[in-house]
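Below, subunit A partners subunit B and then partners subunit C, in two separate complexes.
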Partner chain A sequence: MTLADVPVIPQLDLELRHIRKRYGDFVAVNDVSLQVGKGQFICLLGPSGCGKTTTLRCVAGLEEPDAGDILIGGREVTGEPPWKRDIAMMFQDFALFPHMTVAKQVGFGLEMLKKPKAQIAARVAEVLKAFEIGHLAERRPAQLSGGQKQRVALARAMVTEPRILLLDEPIGALDYSLRETVMLELKTLQKRSGISFIWVTHDQNEAFSLGDHVVVMNHARIEQQGRPDEVLSRPRTAFVAGFIQGNNVLEGKAGLVRDGVLEVMTALGTFRVPLLDLAPPAAGSALSFSVRAERLIERPGEDVPNRIALRCITVEYFGAFRRHVLEGAGGTVVKYDQFGALPQSIREGENIVLGWSLDNGVLHRAPPA
Partner chain B sequence: MHWKTRSRLTGWLLGTVTIGFLLFQWAPMFTMFTLSFSGENGGTTFPMNGVSLHWYRNLWEADLFDDFKPPMLRSFLLALACSATTVVLSVCAAQAMRGRFRGNGLYFYLLLLGLMAPGILVGFGFAILTRLLGIEGAWNTTAYVVHVSWALPFGFLTMLAVFNRFDPKLEEAALTLGATRLTAFRRITWPLILPGVIGTALFGFSLSYDEYARTLFTSGSDGTLPLAVMAQLDRQLTPELYAIGTATTAMSLIVISLCAIGFWLRARALRGSPT
Partner chain C sequence: MSTIRLRSPAAFWLALPAGLWMALAVVLPVLLIVWVSLWGGTSVSPNNPITFDNYQRFLSNQNYLWLIGDTLVQTAMIMAITGVLGYCIAYFLTVKVASPGWRVALFLAFVIPFWTSTLIRAIAFVPFLGVNGLLNQALMAIGLIERPIQAFLYSRLGISMAQVSLYTLLASGPVVYMLNSIPPALREAAMTLKAPPIIVFWRIILPLTLPGIVIGQVLVFLNVLADFITVTTVGGNKLAFLGNLILLFYEGSQIRATAVVSVLLMLLMLAGVTLALRVVDIRKIGG
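And then the complex of A and B:
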């Protein structure tokens, strides 16, 4: 497919078309396509080494993709250097210039645009005030705390009001106690500024609470993308279901399809899982599906179609919920989460039957052959 | 006793060796320094006959110093040129190593081979080569090239160490903020590697300034200071030579102290003055 065949959509802040990047024999990014509408908050989520940071660096122009096109604001920039792209980037360890004062580094981007000195000074003062770091203007990075560094890095990146802000694990270097506050602030900032954020993280809580659109990556490919609630409630692959906390992934073989419901034979027994929009798989082919741990029902009634006999191994209390780890036939482990401060109803070592209603089973796409 | 606590005996032993080493390192210079202040009838060995500035005065007034002035100037200019060239080449070579390229391992070892090569052979070999090519040796051409090739591995190693500790994310941050590569180098990289650059410059200067073996065959008819000193030693040894040595050492110490003060001021500025 050549560029001429594809209509350029100018209202998109960013478009990636079949990006591919390899280092020697290692494929870091494989056929990644992504569309980012105006002023969106995108989270690239995945384990380390999945290609999310390389994808981000391709957008920044710090890496050159081997194939594919990158369009920023509808303009093809694939071969352009970073300084000609309408972006800014925030690095995990903030990458503040150690030899520059806060005011100097926040003004750096404006200096590069060759703005007059007076204008730079005014704008820097305004931005420092907005980020509540005006009193730090004459300090150097070595004299700042982690949270202050984060604000300076953000102010430095936002000062030129780029079209896209790229954030590489931007709060990974902060103390846990700070992260939640900073996350909220950043979300508000993104909404108010209308700048698209592309946020790389391995932390699913960050991704699902911040993103308008979550992109889950694994082994250089996009596994699934969509709204956070979509991805959470309907993981499309076994990887996504396993990566998101609180899912039970069960593997088995396809059986018969009746009324849009597939029978799946697993080590734990035969279960009925809705096909939804998936094509019926060939009988006997390997597949997987998932059930969220909090959707299991204790001692289900006769009307619940899917039932498993299990033995409870451990019970852990996390405060917000109680997690039960149970074992079934063939050593398959099943998790059951009980929310709400209810009294413990299953003891360790106890045998129990758990079940789930038909619509709580989520069938996965067949793995690529 | 805790395993991290040094025993008294070990402490004394290590202390003695350390102080012994420092004495061993500085004693020859100190001897020369002391003898340069000996009286008018003083010789070139102990005991000193009186204390005076006679030999310094002599040095300033006598013809001997006129013999030394041109080589001294030549050595100074040569060292400056060698220093500047070493800085440029070392920074470039170390930058090249950062980028990785085909055969960068070989390149690394070939550059460092300059450290191992015996100076007298390098000088002699180079002299043969230039004669073969019909090039007349001179202090500011052939000797200059040989001096740079001698100082380069030291500068290269220094700059490699500096870039090892340099965070490339800083350059990338500058690029994403709209700086071109040249601007990023000028505004971010250069100021941050400057201490290493000054170190490299000092290496380049001092290695060239006191180089004898490599200069002997390559400097042509107009010699450098080490050659002149050596020639004078062959002719006649007087405390004046000691005075020359002391004067030049003092000069070096002053330059190094200035650099050290500069580094200290800079480090304080980066930390921020305590308020």
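And then the complex of A and C:
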């Protein structure tokens, strides 16, 4: 066997193996495993208290996991303090040192690496220029605006070119008008620098538009991870489907399986949902599936297998789409989004039949017993 | 809510009572003392000529100059000890004690003794430091010494021990406040920028608590300079600092000398506070 035959395994920037962390009785992180390839943009997404920030702090070394391993660049760092890890971190409120000028602040990481003074000054000037904050070099944090602080914090974290940059809700403290611009800039910066970004957020728009890989967390566990389009089009659990906007989550009981299609009995009727890669559930067991609101069809033809009779309650017009909120048997609420600037076709109070084609139903994994 | 503008009639009338009180209780007596310190002649009379003779006489006495120097040395020593000790206690209470319950308990144990008056606390040191005092008995009980140490009470060592105990809280309190106002994220940010704990302390924590240290030092400085009670009670009549000298002259009816020492003491205090204000702007604290 020659060297060329050995498969080249690209070295991972970060690997988490079964991380656990508890505070007293509260489990903050439960069996979290994650692999981050070279220069990837990872988004940890979830509601507050889901363990995403604790996971990030474990990577930084600010928290020590109770069990599990952390590898940075293929090197085991579990138990090592933050100052020995090849990471940098950007904090939610930026955590700028109030007594240091911007230049001193940005040079701090280089000082810690014991770089010569002249080299630090040159590098700081270069980075400040690149971040367009050169004119702020002698200011202190109190004299900066929110957007400027954000740039300083980013420059301070990136100046040493770490392997991984950890970002804890990095644009949460900014005005809405600034966020979109900053997001674009950060995405470009990440691509150009080749530094892996691990971005913690509760905002799904951020997560899905920025991430190469999205990790959805809930109750200390990873619910689902994958490419943004994968997670969006195929939520694997009821939580993920419900957390992502625009999904109708329907609960019911399993019926018979025929040709890889499961019958699900719900309050709204019986529907046919493809099993795909899931094992056929026991008949009568509780389960859920979801249908995206824009995948519903108005007044479906006879060939559409899944149909519901509904009454329209409200219609909201958002510009890009029109959202209809409808109610079915037993008070179940269904959302239907109509994209494109089409004339309104369903009036409030109107009774209507909606349907969806077989492959638009997404079955969820059975909830843990 | 309306605000009171500077130099408006409302501001003037609101400041008047306190202003009057300050003028009568502080400014006027100080002016009187300064005036008396400049009296020539020998009688107590408003018609005395104004002269600097009293100062000249006092400052040309070698013994008194030594005493001024000695007072300053003692003050500096107490400032140094209470500064280090107070900072350590403040750091321990706010940073190292993780449980909030313990923090409150320890903080109260530290603070409650200071609710008693300075005089009582100073006197309380007599039975503590005496030949049959608590300290000697404790040291003998654990076998560190065989016979009581006499030098605890009525000595400079005793005074210093008492003063350190009396004034450490003053040095510590402002530091506790400053430490509490440092967001934990700053420490963490420094650590993720590759700073080990000792550097985090030196480069982040210490500079950010500097105003607290300076204010604490000013408080200790003023209190030790003004302290004659501890020196009298714990030091017996063996020792005197500037504060005691005022008392001695006063009891000896030497009204001019009393005033001279008082003015000199006030000038020392003023110089110290001015110096401290150059280092840190106290008005910025808490704003």
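By our rule, the second predicted complex is superposed on the first by the 359 of 369 C-alpha atoms of A that agree within 3 Å, B and C clash if a C-alpha of one lies under 4 Å from a C-alpha of the other, contacts with A are read in each partner's own complex, and residues count from 1 in each chain.
One rule holds in what follows: a residue touches a chain if its C-beta (ideal position, glycine included) is under 8 Å from a C-beta of that chain, and two chains touch if they have at least 3 such contacts.
Keep in mind the model is a prediction, meaning the values are calculated, not measured.
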Have a look at subunit B and subunit C on subunit A after the superposition and call it: clash or fit. clash
Quick one: is A:272 in contact with subunit B, with subunit C, with both, or with neither? Answer first, second, both or neither. neither
Report for A:115: first if it touches subunit B alone, second if subunit C alone, otherwise both or neither. neither
Using the superposition on chain A described above, determine whether A:323 touches subunit B (first), subunit C (second), both, or neither. neither
According to the stated criteria, A:139 is in contact with first (subunit B), second (subunit C), both, or neither; which is it? first
With both complexes overlaid on chain A, does A:91 touch subunit B (first), subunit C (second), both or neither? both
Check: subunit A residues flagged as touching subunit B and also subunit C 60-62, 81-83, 85, 87-89, 91, 93, 95-99, 108-109, 112-113, 156-157, 160, 166
Per the contact definition, I'd like the list of subunit B residues that touch subunit A in the complex. 167, 169-170, 172-181, 183, 187-188, 191-192, 269-272
How about subunit C: which of its residues touch subunit A in the complex? 183, 185-186, 188-196, 199, 203-204, 207-208
Where on subunit A is subunit B touching in the complex? 60-62, 81-83, 85, 87-89, 91, 93, 95-99, 108-109, 112-113, 139-140, 142-143, 156-157, 160, 166
Show which residues of subunit A lie in contact with subunit C when the two form their complex. 60-62, 81-83, 85, 87-89, 91-93, 95-99, 108-109, 112-113, 156-157, 160, 166
